[in-house]
Structure formats: structure tokens, C-alpha cells
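Common to both upcoming complexes is chain A, partnered first by chain B, then by chain C.
Moving on, here comes the complex of A and B:
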């Protein structure tokens, strides 16, 4: 498995929002008009109807200057994905290319993933199921799963006029990020690569001009402890216990068959069999 | 109480275990469905076009399937944008698919507070009639003894998406009518 990654160079983004519209266009997402809240930002944050949002931040530099910060906000495709971990229906999986996808037909809309996503990206939204009914299902960016598996790049990456969103193998993208970091350092001394180790790195990662706090990003995102306990310890133990029970029953059945031959009517079971004339 | 013999209990347990095993093995109808999901643009007719919005003139590919526009994207072979598009260009599919698109010429009569649908023929005749009427009633041949041959009652407004040939035609027509106010969107 080769991990692929989407690298977003936040330092050169101009905030044109081409990625937002291209995403809606490719994924046939509905219009979601939100009330004006005093900023140029169109949507509050990512949700099930808007899989990527261009975050616009007004930032005061150390020297008292003003800087616009534009960040393409979308699913991070964590290597150790909390959403995948907590999903009781195994509807969320990581593909062979490293992107995390939700099977809408398996999802039951329990929203465990919504509450456990360290970046608050996944959300419920309308979905028309096999019976034509509108149901609530967890939805988010799938990194254009069908596109990347056909050798294309995600829609947001293709449309970006600045090459601020680049798609390729994680290794190539890390290298490119290091090159761009060296350039960005001249203008932004606090520039850094945001590829948080708390979730084993992400397959959508940033080159940020300022620290993650400036973008309201968690400094050290982690898979919630409850999710780790449940999925990594409690569930395997439970499965082992279930397996043990099945094994015990099977063994009991076989041993019963083997050792009870010849005893016949002395057995309690045999007696009842006689009386019911089975 | 419900009495179960040991043999019945074992049979029941076996059946339960077998059912669970089959469920765990996964007879899953969704899997086949997921595997069959193909690229949205796999079977589309592709038409190249030019973005109608600003003067950059980016190339766009329009994907059509079953008489509907299913996707629009930047043309990777176009020398100007090389596959990229801004938010306005990316939304060009909506020009065709939106339910807010007027499909007939809209007319608002002088003093009226509402728009009404009209036929193209009626519209063109009406425009021609009004242009002629306005030009003839306001045409100035001489001013201070100098021939000017102009009308200041009509103005022309060009757009950024006009190409050379269209600009030439507009210039010819408007100068022929005697217009002096020939403007362009990018200058105001």
C-alpha cells in the first residue's frame, strides 16, 4: 500500500474558493446558504453538505501589521482515523491509497464519528437510500475516491490556480512541503508543516504560515482515549469471549457425541429423546 | 417454565453459532454495489468552451450525460489556465442546471413592477424599433457649424468575455449609429 496525500500550501493560497465550488460540483453537493456573520468566510465550518470550506482569518503579525490567512479546510484523512475506529458498523474504512471513506449504505447515522473526529469535520446530512427514503448519514470529503483510483487528482487540487493544493504520494508531498517551507520561512518566520503525530500523521497536511492556534487547529490532536479503549481493548476482548463461547459449545457438542455413544438410556438426554420419539 | 433438553440446547447453540459465523463472514449486498461505482465522467460527451465571466478567458470542459451537464472542469490542455479554475469558473455548470435560470427573454415594461416572458422575435423587433426611434429623435448633425453626426441618447456597454471579432462588430454597429458613449465593463 502506497499512501497518497493531499498537500495544502496555506502560505500561497489567495482565497479564491475555487476548491469549494469544484468540490460541490464533482460531488453533487446541495446549496447551503448560511447567514452573514460579519466575515468574508462563506460557511461557518465543514459539514455534510459542504465538504471543504475556505477559512478566512484576519491576523495581526508580531510587528502589528495585518495579514489575511486563508486555509482550505477539509477532512484530514488521519492515518489512525478516530472516525474509523469508533464506527460500530465498519462503514468507515481506509482505502489502499490512504484516504478515509464512508460507505453510505452501511452507515446508520449513529454520529459516533461526528463526536469523535479530532478536527470536527464529519457531520450528518441528507442521503437518499436504496428505498428512495431521505435518511441522515455521516458525510465528509473522500478525497475524490473515484478520481484518485482512476489516476486523476482530487477536484479541489485540479482546479487550484496557485498549485496550493497538490496531490501525490505522501513521500513526494513531504519532500515538496520541505522545499516550500524553506521558501515560506523568508516571509513567514513561524511557518511550519502541520502533519500531527497524535493521529499518526494525516494524508491531507498543511504548510502553515503561522502556528496551528492562528487557524483554530488543535496543536496536538489525538484519537479520543475512550475510542482507543473501546476499539483496541474492549472489542477484541469481547470478540475473544464470543469466540471462546462458540468454541466451548462446539467442543461440548463433539465431546458429548463422542463420549455418550454406548451409554444410551442411562443418559438424561436419551430419556427425553425416547419419550418425545424424535 | 420452558423446558429444554440438553440435546435441544446444543442444537440451538449450534444453529446460533452457525448463524453468527455466516453473519461475521459477511454476505454483504453493499460490497458489490460499492465495487461497481464508476467514475462520474467515464461515459460523458466532453465539449470544450471558454469561461463567460472575466477577461482571463479560461478554457473549460463541459461533461454531458443523458442531456444533462454532470460536471464542468478546467481544461488541462488550455494554455491560459492549464486545468485550473476560480470559484466563478468552477460554478459554470450551474448556469445550465440551476432552476433560477431564465429560459426566455424577460421584459419589464416602462413603469411596470414585474418581469414578463416574451418571444425572441418580439424582443428583437422591439429593440430595433426603440433604437431607431431614439436615434432619429436625438441625432445631431452639426454643432457650432462643425459636422458631428452623433447621438448622446444611447450608450453601449461591452463585457470582458467579448472576443476580438465581437468587439469589431459592436464598434462598427455603434459607430454607424452615431454613438459616442461606447464603454467597457473593465473601465468602470
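Moving on, here comes the complex of A and C:
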């Protein structure tokens, strides 16, 4: 399996929001008008209807200067994905290319993933199921699964006019990130690559001009302990316990059969049944 | 939707042949001491016909022919059982003729050969062509440093094959790739590779709706075309030979529209 990754160079993004439009367009997402809240940013954050949002931050540099910070915000596709861990229906999976996808037909809308996502990306949204009913299902960026498995780059990456969003193997992207970091350092001394180890690295990673705090990103995101306990300990134990129960039932069934052999017929009252029928 | 018109089986066969070819190339690279100097060359004609001695020794070429034939025989039961025997019996003079004929793309010579040896008419030329490619690719790899200075019109600067496809690389350059010898060379973006026309009013594109990654660049001046692969839209890195096959639908479209010279 080759891991692929989307690399976002925040230092060269001009905030054109082409990625937002391309995403809505390819994934056929509905319009979600939000009230003006005093910033240029169109949406508060990513949700089930808007899979990527261009975050706009007004930033004061150390020398007292002013800088616009624009960040393409979308699912991080964590290698050790908390959403995948907590999903009780196994509706969330990591594909052979490393992107994390949600099977809308398996999802029951329990929102465990919503509460456990370290980056607050996954959200419930309307989904029309097989019966034509509108139900609430967990939705998020799937890194354009339908495109990348056909050899096409994700819609946001294709539309980006500055190559700020690039898609390729994780190895290539890391190399590119290092090259771009060296250039970015000249202008932004605090520039860094944000590929947090707490979730075992992400398959969408950033080159940030400032530390993660400047973008309201967690400094060291982790898979919630409850999720680890649930998936790595409780569930296997539960399955073992279930296995034990099944074994006990099966043994009871066989022993019953064995010991009741011979006179089981009378006890079942076959004769009575026949007489009542008549 | 995948607009590819070539069957999966055939693509797999071609991928297999390409793997064999890269193995052959490694082997001949070790044995063949080939050195090509820019100063010895006339930079107005392709490199291959200018080489003083034959770059394809008969014994190595025979090995390549046998490797390709054996691979084909293993892949398909329809191929005549006598094939391996026939190619193993090739004499040195015959091999020299094969090399010449395959470089010249002399289909008639191979048709006659097939007839005389009771083989399918397509088979000898196919094998000869697939076996010559590793040698051409080796020659091409020795010319990398100066190939950009070879100015030939309408052919590959290394082997003389007509250009078939180009890639639009990340910074927007048009890089031509020869599917035969794998030479790559850069060309002015807005000009016809066949006739040099750079009047933009006579150049335009034909696209296929289902195909996002490739399109056809056509020239009204010479009524010829070239296939363009946009590497910004795809992250897969494929060999030129394979890309040429996978974009065969574009050749159909272009030729139906009346572009391209049949004699190519």
C-alpha cells in the first residue's frame, strides 16, 4: 500500500476560495448561507455541508506588522483516525490510498465521530437514504475518493491556481514540503510543517507560516483516550465475551440434544399437537 | 468514466513486455560500452542514423528477441509453437537485416519473413520492434545531456520516430515524450511540433468530455496533431509507451476529424 497525501502550503495561499467552490461542485454539496459575522470568512468552520472552508486570520507579526493568514481547512485524514476507531458500525474506513471515508449506508448517525474528531471536522448533515427519507449522517471530505482512485487529483488541488494544494505520494509530498519550508523560512521565521505525531501523522498536512495556535489548531492533537479504550481494548474484549457466550449456548445445545436423545419426542408433546390439530 | 478503449488484457501484456524491456536494457547496459559525443554529431538530424557503427550487436539483439518471444509464448496459447525454434535459428546476417528493418519500420520485410516461416503475419515485426526498443532507450539515455540542442523538425531527435505525445509539466512546459525510445525534450508551448507553425490562430485543442487528463493539440497548417497529457490533473507517473496506448481513443477522435497523416 502506498500512502498518498494532500500537501497544503499555507504560506503561498492567496485566499481565492477556488478550492471551496471546486469541492462543492465535485461533491454536489448544498448551498449553506451563513449570517455575516464581521469577517471575510464565509463559513464559521467545516461541517457536513461544507467540506472545506478557507479560514481567514488577521495576524500581528512580532515586529507589529499585519499579515493575512489563509488556511484551506478540511479533513486531515489521520493515519490513526479517531473517527474510525469510535465508529460502532465500521462505517468509517481508511482506503488503500490512505484517505478516510464514511460509508453513508452503514452510518447510523450516532455522532461518536463528531465528538471524537481531534480537529472538529466531521459533522452530521442531511442525507437521502435508499428509501428516499432524509436522515442525519456523518459527512466530511473524503479527499475526492472517486477521483483519486481514477488517477485524478482531488478537486481542490486541481483548481488551485498557485499549486498551494498538491497531491501525490506522502514521500514526494514530504520532500516538496521540506523544499517549500526552506523558501518560506525567509519570509516567515516561525514557519513549520504541521503533521502531528499524536495521530500518527496526517494524510493532509500543512506548511504553516506561524505556529498552529495562530490558526486555532491543536498543538499536539491526540486520539481521545476513550476512543483507544473503546476500540483497542473494550471491543476485542466484548467480542471475546460474545465468543464465550456463543460457545456456551452451542455447548448447551449439543449437550441438551445428547442427553435428551431417545425420550425428547415425548417431552415435546408431539402427540398432543397432532390431537389438537384434528 | 474511463474513456480508454484498449482492453485490460492487452494493457497488462504491454506492461509485462515493458518490464522485460527494462530488464533487457539493464543487461545490455552492462555489456555495451556505448559513448555518444555531441561534437561528432550533426545537430540538424536525429542521432540514431548518424552513429558510426551499429549500436545493436547481433548476439545481444538475438537474446532480446528470444526473451520477448518467450514472454509472448508464455502469455498466449494462440502463438505458434514453432516461434521459439524460428527465432533461435536466426543467423547473424538475418539478425543484421532484422535490426535494419525494425529501425526502418519495414513491415514488408517482416511480412515476407512471417510467410516463409509459417508464422502469423504480425508476429515477427511485433517481436523485432519490442526487442529493438531497449537498445533505442539505451542510446537515448546516453544523449540526455545534449538532446535539447538537436533541432529536428517533426521527429524524435534521437530515433526519428514521429512525435506522438507530450506532457504539460507542473510549471507549464510542454515536454515531448517518445513512446519508442523514451527520449524527452522540451518544445515551445504554443507551436506545432510537426511543422513549427506558431500562429496561435491555427492551433487549437480537441477534448473528450470524459477524459480530464488528456487532450489533442491540432494544427490547421499541417493538419496534424499531438496528444497532450496534463500532469497537473493526475498524480500517476506512467511510461510514455503506456500512455500512448491508454490514450488511443484520442487518435481515433483526431483521425476521424481528419487530422494526422496516415503514412506515419
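Throughout what follows, the second predicted complex is superposed on the first by the 247 of 278 C-alpha atoms of A that agree within 3 Å, B and C clash if a C-alpha of one lies under 4 Å from a C-alpha of the other, contacts with A are read in each partner's own complex, and residues count from 1 in each chain.
The criterion applied here is as follows: contacts are C-beta pairs under 8 Å (C-beta built on N, C-alpha and C of every residue); 3 or more make two chains touch, one makes a residue touch a chain.
Predicted, not measured: the structure shown is a model, and the values here were computed from it.
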Identify the partner contact of A:22: answer first if only chain B is touched, second if only chain C is, both if each is, neither if none is.
first
After superposing on the shared chain, does chain C or chain B touch more chain A residues?
B
Would you sort A:158 into first (chain B), second (chain C), both or neither based on which partner it touches?
both
A:167 contacts which: chain B (first), chain C (second), both, neither?
second
I'd like to know which partner A:246 touches here: chain B for first, chain C for second, both or neither.
first
Check the residue A:150 against both partner chains and state whether it touches chain B (first), chain C (second), both, or neither.
both
If you stack the two complexes on chain A, which partner ends up touching A:196: first (chain B), second (chain C), both, or neither?
neither
One more residue to check, A:4. First (chain B), second (chain C), both or neither?
second
Given the touch rule stated above, what does A:209 touch, chain B (first), chain C (second), both, or neither?
neither
So which bits of chain A does chain B touch that chain C touches too?
150, 152, 158
Chain B contact footprint on chain A (complex, rising order)
16-18, 20-22, 25-26, 103, 105-106, 146-147, 150, 152, 155, 158-161, 242, 246, 249-250, 252-253, 256, 268-269, 272-273
What does chain A use to touch chain C in their complex?
4, 148, 150-153, 158, 163, 167-169
Applying the document's contact rule, which stretches of chain C touch chain A when the two form their complex?
2, 170, 212-213, 232-236
Touching residues on chain B, where the partner in the complex is chain A:
5-7, 10, 13-14, 17, 20-21, 30, 33-34, 37-40, 42, 71-74, 76, 81, 83-91, 93
